[in-house]
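Note that chain A is present in both complexes that follow, paired respectively with chain B and with chain C.
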Partner chain A sequence: MNKSLKKKLESDFDSSVEILEKNGWTITANKNQVLDILRFLKGEGFDYLALISCVDWIEKGEFELIYILSSYLADKEKMHLILKTRIPRKKPDFETTIHIFENAEPYERELHELFGVNFNGHPRLEPLFLDRNYKTPPFRKDFDTRKYVEETFGSIKSVEGKK
Partner chain B sequence: MTERELEMYFGPQHMGMVGNFGITLTVKGDRILKAKANPGYLHRGFEKLMELRTWTQNSPLVCRVNVMEPHSMEMVYSMAVEKLAGIKVPMRAKYIRTLTLELSRLASHLFGCWAYANMLGFDTVAQWAMYHRDLILDLFEDFTGGRVYPIYIWPGGVRRDLPDGFKEKALNVLHEIRSKISDYDATFFNNKLFYDRAKGIGKISQEEAKNLGGTGQILRGNGVESDIRKIEPYAAYDKIDFEIPTREGGDAYSRVWIIRDEMIQSVHIAMKCLEQMPEGSVYNKVPNPFKWKIPKGETYVRVESSRGELGLYMVSNGGDKPYRVHFRTPSYPHGLTILEKILVGENIADVGNIMISLYVTPPEIDR
Partner chain C sequence: MDRNQITKWIKNPKKMGSKYSLWAIYFCTGCGIIEIPPILTSRWDAERFGIKPAPSPRQANLFLITGYVTLKTLKAVVRTYEQMPDPKYTVGFGSCPINGGMYWDSYNTIKKLDKYIPIDGWIAGCMPRPESIFIAVTHLWTMIDKGIADGYEKYKEKYFYYRKNQEKALGELDWPPLHPMKKKEEGQ
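So, the complex of A and B:
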């Protein structure tokens, strides 16, 4: 089963499959084909989306989107897949995957808030955790946490009155 | 009198609420028409903070993500570091880790019982649960030094060996808890009041639970035998025989019963660990923490926390700090998507009931 799945992924979707260990595969895909691959994998029994994550590769000017899939079924459940793709950092737009996996909704909302990735077609890309407005989304690598804290809260006098 | 639609804020400070977490409810009379989860009160930005600290400095940080069960958090972080750096763990440390994780699950479930019983007004049961949790915290203090945040499971093993006479002490506590399960049953789990309040409340079908990313009790309360301890065994779980309790129904009643059944299994696993534990060293040396660099790579590891699948996606770019950390916490889908869905059509009085039966912990959602 697994060999044919690997073959299919490599020939039909021209993605590269790297088998790092017995129970975890890494698939690197072209960004135009991610939705097709997700649909295909869901049909193959990988019906559980565990996580959507994002990594900011600032030196290459790219965001990497990560989809981690696993299965509720008995025969494929011993494996999880990491599907990843890169999108340009300057124009971080991507398609939403809510119509494939319903639970993608809060993950995409979170990535929109923390990384500024736009998911087209998402019904509510409103803030999830944060209260304030940030010029740079705070989980990007060029967001300086310390500087932000000093600028925002630094003018508040300490309780003891000394500074 | 005509009923009109109202918008009301449930939480972040509310009696029927665990932790700081808000829900905006649109209600008509006392029926809920729409629910909107409103997290963020406990957002501390742990994932960003961890990018700024070395591999060793992260150990005391990571347990603070979830107050209810810090051990699973430490475990998942240690597993990710070990996988990326290729560190082996000695057998004795694996057993001690399993023991710690099961005691932690027991403590967390007892805390859950406290919250649930308290919310339904079973004050006696709640106090018992708190007392029994305290016995386990005493054990933690004994062998880790910390009652709540142990900082015990480290990359490479555990921080130190069990103290002398620990086995007898632990067995005493485990026997004490197991012998009181019948009391819990008589006063709470077999009580008609519990049945009346929980049966049919917060119902979710198996298919819906799967679509919405449910794990843990949500699936097991729906008849799915799903447990990472069996699927991808970690620590010493592949060497110990145990059962996965499941139940049909998919409502608050079956989810809370699963918690009770899991406590019995946890006691069983912890006892087996103490019995089978081999001798040997408890940690493998890791490099100098100031110079420790981990080769480039990425990994996704997962454990079965007391609430469901707890995963960690971690990337290293070859440096002395993690490049990216992302926790996949079980409460995230449970408290955001599933909660919003199953609250619709329920009573205002059952919001806390449903939320605790889903076993949602807000610090896990916000991180």
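So, the complex of A and C:
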């Protein structure tokens, strides 16, 4: 089953599959085909989306979106799949995956908040954790934390010695 | 009761009463809260020192902040502190409330908690051992004896500055000032 799955992924979807270990694969795909691959994999039994993550490749001007899937079916071998795709950093737009995996909603909200990635079709892209508006989303590489800390928290003066 | 302390009891029973029955409210932020259950239960048994957990901030007079304080939790910390009745004592537990600790360059944690509420004592360490809470409490006893654990009075006195700092960090606060916002002129 695993060999045929690899062949299908490589021929049908024009993606490269790298086998890291027996039960862990990395799939690198074009961004136009991510939704199709996710739909296909869900049909193959990978019905659990564990995480959506993001990496900021600032030198290449790209964000890398990472979808981690796993299968919990008893009759198949348990596997983890990592699906990677890259989107341009200047215009970080991508399609939402809520209609495939419902639990993608908080992950996409989190990425919108921390990296500024827009997921088109997401019902509410509001802040999830943070209480404050940041000019640059704080997890991007060009967010200077030390300067930010000095400007916001360092400028608040101690009460000691005041009357 | 220690017989040597009878004169103290007669002189100032209110102070001695609050000193030996510290009702603690634990603010469970960060990793420090892990140290609290063994302190309360049989191994270290905080009741030997008269410390018991309080069900609500309105019945507590010892405030332990155990860990880093983010902007969201600072709001809750200030509200909790303002609800506690006088006399109230605060202890910052661990290095994060002192100066940020390992989160010193984080974008979302406040670094020095004593800019926003008065702190009577600090317990340094990352994490401090459970015994250090008792060392801190015995220190707090001597401070109460000498009358230098007066953070709650300082809060009233310098409320203008504390509130200004809170507003600077959190933006508009959605509760009214607890004390009158008076600014003393210098030289008075």
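Keep in mind that, in the parts below, the second predicted complex is superposed on the first by the 155 of 163 C-alpha atoms of A that agree within 3 Å, B and C clash if a C-alpha of one lies under 4 Å from a C-alpha of the other, contacts with A are read in each partner's own complex, and residues count from 1 in each chain.
Heads up, the rule we're going with is that a residue touches a chain if its C-beta (ideal position, glycine included) is under 8 Å from a C-beta of that chain, and two chains touch if they have at least 3 such contacts.
None of these values were measured; they are calculated from a predicted model.
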Is A:T145 in contact with chain B, with chain C, with both, or with neither (first, second, both, neither)?
-> both
Just chain B (first), just chain C (second), both, or neither: which does A:N32 touch?
-> neither
So, A:D47: does it touch chain B (first), chain C (second), both, or neither?
-> first
So, does A:H80 touch the first partner chain B, the second partner chain C, both, or neither?
-> first
Given the touch rule stated above, what does A:E102 touch, chain B (first), chain C (second), both, or neither?
-> first
Applying the touch criterion given at the start, work out whether A:Y134 contacts chain B, chain C, both or neither, answering first, second, both or neither.
-> second
Between chain B (first) and chain C (second), which, if any, makes contact with A:F153: first, second, both or neither?
-> second
Residues on chain A in contact with chain B in one complex and with chain C in the other?
-> 130-131, 138, 145
In the complex, chain C touches chain A at residues 71-72, 75, 104-108, 110-112, 114-115, 118, 158, 161-162, 165, 168-171, 184, 186, 188
Per the touch rule above, chain A residues touching chain B in the complex are 23-24, 26, 47-51, 53, 55-56, 66, 68, 72, 77-78, 80, 82, 101-103, 105-106, 127-131, 138-139, 145
Can you list the chain B residues touching chain A in their complex?
-> 39-40, 43, 45, 47-49, 52, 210-213, 219, 224, 226, 231-232, 298-300, 302, 309, 311, 313, 315, 323-324, 326, 328, 332-333, 336-337, 366
In the complex, go through chain A and note every residue touching chain C.
-> 130-132, 134, 138, 143, 145-146, 148-149, 152-160, 162-163
